[in-house]
Amino acid sequence: MAKEVQTIGVLTSGGDAPGMNAAIRAVVRQALAKGKKVKGIKKGYAGLLAEEIIDMDATSVSDTISRGGTILQTARCLEFKEAEVQAKGAEICRKHGIDGIVVIGGDGSFQGAQKLARLGINTIGVPGTIDLDIACTDYTIGFDTAVNTAMEAIDKVRDTSTSHERCSVIEVMGRGAGYIALWCGIANGSEEILLPEKYDHDEEAIIKRIIEGRKKGKEHYIIINAEGIGHSQELAEKIEKATGVETRATILGHMQRGGSPTCKDRVYASTMGAYAVDLLCEGKSNRVVAYKNGEFVDYDIEEALAMQKTIPEYLYSISKDLV
Amino acid sequence: MAKEVQTIGVLTSGGDAPGMNAAIRAVVRQALAKGKKVKGIKKGYAGLLAEEIIDMDATSVSDTISRGGTILQTARCLEFKEAEVQAKGAEICRKHGIDGIVVIGGDGSFQGAQKLARLGINTIGVPGTIDLDIACTDYTIGFDTAVNTAMEAIDKVRDTSTSHERCSVIEVMGRGAGYIALWCGIANGSEEILLPEKYDHDEEAIIKRIIEGRKKGKEHYIIINAEGIGHSQELAEKIEKATGVETRATILGHMQRGGSPTCKDRVYASTMGAYAVDLLCEGKSNRVVAYKNGEFVDYDIEEALAMQKTIPEYLYSISKDLV
Amino acid sequence: MAKEVQTIGVLTSGGDAPGMNAAIRAVVRQALAKGKKVKGIKKGYAGLLAEEIIDMDATSVSDTISRGGTILQTARCLEFKEAEVQAKGAEICRKHGIDGIVVIGGDGSFQGAQKLARLGINTIGVPGTIDLDIACTDYTIGFDTAVNTAMEAIDKVRDTSTSHERCSVIEVMGRGAGYIALWCGIANGSEEILLPEKYDHDEEAIIKRIIEGRKKGKEHYIIINAEGIGHSQELAEKIEKATGVETRATILGHMQRGGSPTCKDRVYASTMGAYAVDLLCEGKSNRVVAYKNGEFVDYDIEEALAMQKTIPEYLYSISKDLV
Amino acid sequence: MAKEVQTIGVLTSGGDAPGMNAAIRAVVRQALAKGKKVKGIKKGYAGLLAEEIIDMDATSVSDTISRGGTILQTARCLEFKEAEVQAKGAEICRKHGIDGIVVIGGDGSFQGAQKLARLGINTIGVPGTIDLDIACTDYTIGFDTAVNTAMEAIDKVRDTSTSHERCSVIEVMGRGAGYIALWCGIANGSEEILLPEKYDHDEEAIIKRIIEGRKKGKEHYIIINAEGIGHSQELAEKIEKATGVETRATILGHMQRGGSPTCKDRVYASTMGAYAVDLLCEGKSNRVVAYKNGEFVDYDIEEALAMQKTIPEYLYSISKDLV
């Protein structure tokens, strides 16, 4: 039966993502607006276990909506996969009077959330990852900022590639998922996009197209490579050797995780944070907030974790036509 | 019966919006990929009537995806409401061998498109406006860039407002529609958001809240005002007089229309441009491309123009809770 | 005889400027590195009189170097021109153990600093104003950020001006000084630059050049107007009426004061803050830190206030040749 | 005896740098304003030898001042060190009627310029390199943009470093010169700055400071490493192993070369371009334009190449005090 929560804890877990602060702020402010207390749990599940728990009021989140990173900090916590450790986590929640938790993170973080929910702590997941690789939702906190950061960096690399008539291999984040690569590939007008989901390892074909492009007078050749494929330096060397075209690799790296969030990330993260609190106030638990088919909705965590997601085929197909 | 087009014209009409170049580029490149010819029509319907029509090839749109504005330029053309003038427009299309047109613009531009379609020129509309005020679609080209531009400017005004403990009235674009104001209001953590759709003219209540905020130690007070309400200077003066709090008005103005498009605007505008060409290649006419419920779709122009759109209530409600 | 200070106060006064936080941070950290205590005085001389004085340690300024505005806030304080009020200010310094002060601000603020110095409080001025209108120095804190903010906004206005073939009148900050207008005028490739120092009120000549430019096929016409000349809206209307060219005015306003400081503003403001502390540690008083002829130097306040500064003639002359 | 030039050639050579287009534009427009003809030489000395020479007029440089890279493209040309090749270059100049050349590049490019001058082509060098490593001048085209690009990227890395309590080793450009590293080190408030000019290879001391910092509660540890020192990945691994603090390396790479130039780079590059033309019009040759002690000046190329430059000691010393 639905039990309304009194004290809401909030934590960020896994990799940080721009917009997490907007979500935290929304959890805090919406909870206060609904007459709840709020506690911030620092450093994800690790901080929960270490009882790094702080009281939060409206001013705790003043001037944070525009900040990158997460003011609660984050950490990975492998031991939270063990049943005993999960039980300890739930116990610590009860000790601190936390009867509801908002967990901002990715699929791994939701698995922990599910365990807490089963142990009697009402728990809501909010999707936060720059990789967009959470199947139940069309939006994840941080992706929009990350693709803009990557795109702007690639625009700059393109300037110098054109000036020197170079080929550039640019590696963007995304271990298992090529969303950042696909979006940047289209947005930067790149000649090749290498996605983990589609990669056929046919480097000879790429080399052939570079040689043809150069014959037609192409002044640069931009290859966007996803982290999940990697080996950007080796690919650059192989291309330079085979084509004679000067080729440079750039690995954009962790800068893609930071920076002031975009408008979309601020607005959607705020909405999801508020929505998570609303669910807790309705006595809900074991749910994930999602943005699906143009609406903010929520799913059962099991259901959400079982969903599948694939690279949008139409976008992938036009990425080849528009070069 | 479906007739496949051979030569596709493309024009931008109404107010310019960042991302229009990505859409033009996609029309050109997708059309070429499908074996069509492409003609660029400069300065909207006015340029059509003046026969400012140029041949376009793949290089005509090189290095344009990252540029603000529209390389085809744009203009308003009131006389295109007259039947005779529309007939002349269709005739000029035929004279130049244009049997399909992609019109990138807002509702007014789609009315012209509808007339050309009736006159036998296959016509597809693509929604381009920073105001997001096209009912059939959740996305319009330029909105994402414009809200980010406005948001970043407001972040800066906020810095100086806080330093001086000022109240700031900041006017953003949106004559009939408050989408930019609502999004910036949330994204900038502003204290008040004045939308044409919701405005109750209760300035006394605003003044009361400012006085209360100051008592509680608030270091700034940001009011986002939509162009459709206007009178920002007068409002600022009224507030300063009534509250004693130094108050300044800023009208962000036309800078919101320009700038290099965001990743979303580049990707979605590219997709819509390609999609419009695909429709023409299927023999379709009198359609508008839209993004609705998480998908790229198309509607009959009449149907699209008859739709209604309202400010999302949940976003509006949380905008008050999160302050 | 030189007396070494023990407790250094720091305040920001007059209009805020990006980089002031870098200067405050440098004062705090350099003073601590030299074994001094530091007190922050909030809201300029007004805060001194109200005894809004806080202890500062190294963490007080953590993560502030990248922030716009001033964490100490600022205010104008007309009454500090009175001898009695100045005496009270010096007394309050002594009461709080402050025997040295760093005053970050403009010429008006330095006059106050001079008075405190005469009253026995060792005082050093640091030039902070976005207007660059402090005669003794080639650099003032905030100018570099402000011109970049204005330039980027004008780049955006230019996009839409070109798309619509408009004339744009853009008003930038600078009441008595045209430095921002001159720099933006050159950096944005504008057709006209109206500076308070040079303005001849010959609007007919401008109108004539616009008409000629249009005849030659110019797609936009950008006029940068300094705040000190003002009347941008009236000028736009006059031009539109006389030329038939659609003309819009934009007043960039207070956004020019905010934003994360540029690299130069962070580095130079840090250097000036540290340099001011070094002067106090050498027992100096009544000095202004300056950047002159490629070096950081210091001047007697009287001497500094008596200097004259003019718009660089070579830059002004090329601004006309390069259009 | 001074001979006034009639046709001015302009080329960019060596690594590209943001602002080179502003310089090219200024050369073209100033030359036209003085009644000269202008020819653009593509791809540096290599393009000269290949006779890739184009006529330029005022519109050739329209809308280029805000663009990164160089519209004339650039290349390194080792064979231009040979006397025969230099003679051929001078001959090609004469063949195309070019009696004056502006060479925008670094020290290597000026050596070529010197040879052309001796062979009777009036030649002026303009300092263009993001590395600031040209001894005769306090300003080089592109440095200001590059340090801002690097700084903004490092701000983003810092967000995620703080969120994860990581140590970050960030490698910025600068093979022989640590100016970018020093400026970013100060501007980003980094804990360590490793400069080629100062590097003592005492990694144990760095490791010790990281351990101490962590004990004091430091949430991040940023190390700026210059390209000339390199080995960022190895250093990161060594630190992580020795301290137990998660450590990541980021190599910013070629993005530092691109992007729209800052206001300073646009204004100073424009001024230097115009100044170079003025020198040619006065019949000067074998000179380098410089910005020294707050003024635009010019030096004999031999004299310029013989000068020495060192890292500013005061900046380096405060970089340690302000952490």
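Every chain is named by a letter (A, B, C and D) in the order it is written, and numbering of its residues begins at 1.
Simple rule for what comes next: a contact is a pair of C-beta atoms (placed from the backbone, for glycine too) under 8 Å apart; a residue touches a chain by one contact, two chains touch by 3 or more.
These numbers were taken from a predicted model, which means no experiment stands behind them.
Checking A-D, C-D or A-B against B-C, more than half of the residue-numbered contact pairs recur only at A-D. Between subunit A and subunit B, the centres computed from C-alpha atoms are 28 Å apart. Note: centroid distance subunit A to subunit C, computed from Cα atoms, is 39 Å. For the pair subunit A and subunit D, the distance between C-alpha centroids works out to 36 Å.
Within subunit A, residues 155, 162 each touch two or more of the remaining chains. Working note: touching chain pairs come out as A-B, A-D, B-C, C-D.
Residue ranges of subunit B in contact with subunit C, taken from their complex: 12, 16, 18, 43, 67-70, 73-75, 149, 153-165, 168, 219, 248, 250-259. Looking at the complex, you find that subunit C touches subunit D at residues 25-26, 29-30, 33, 63, 65-66, 138, 144, 147-148, 151, 155, 162, 183-184, 186-189, 260, 262-264, 266-267, 270-271, 274-275, 292-296, 314-315, 318, 321-323.
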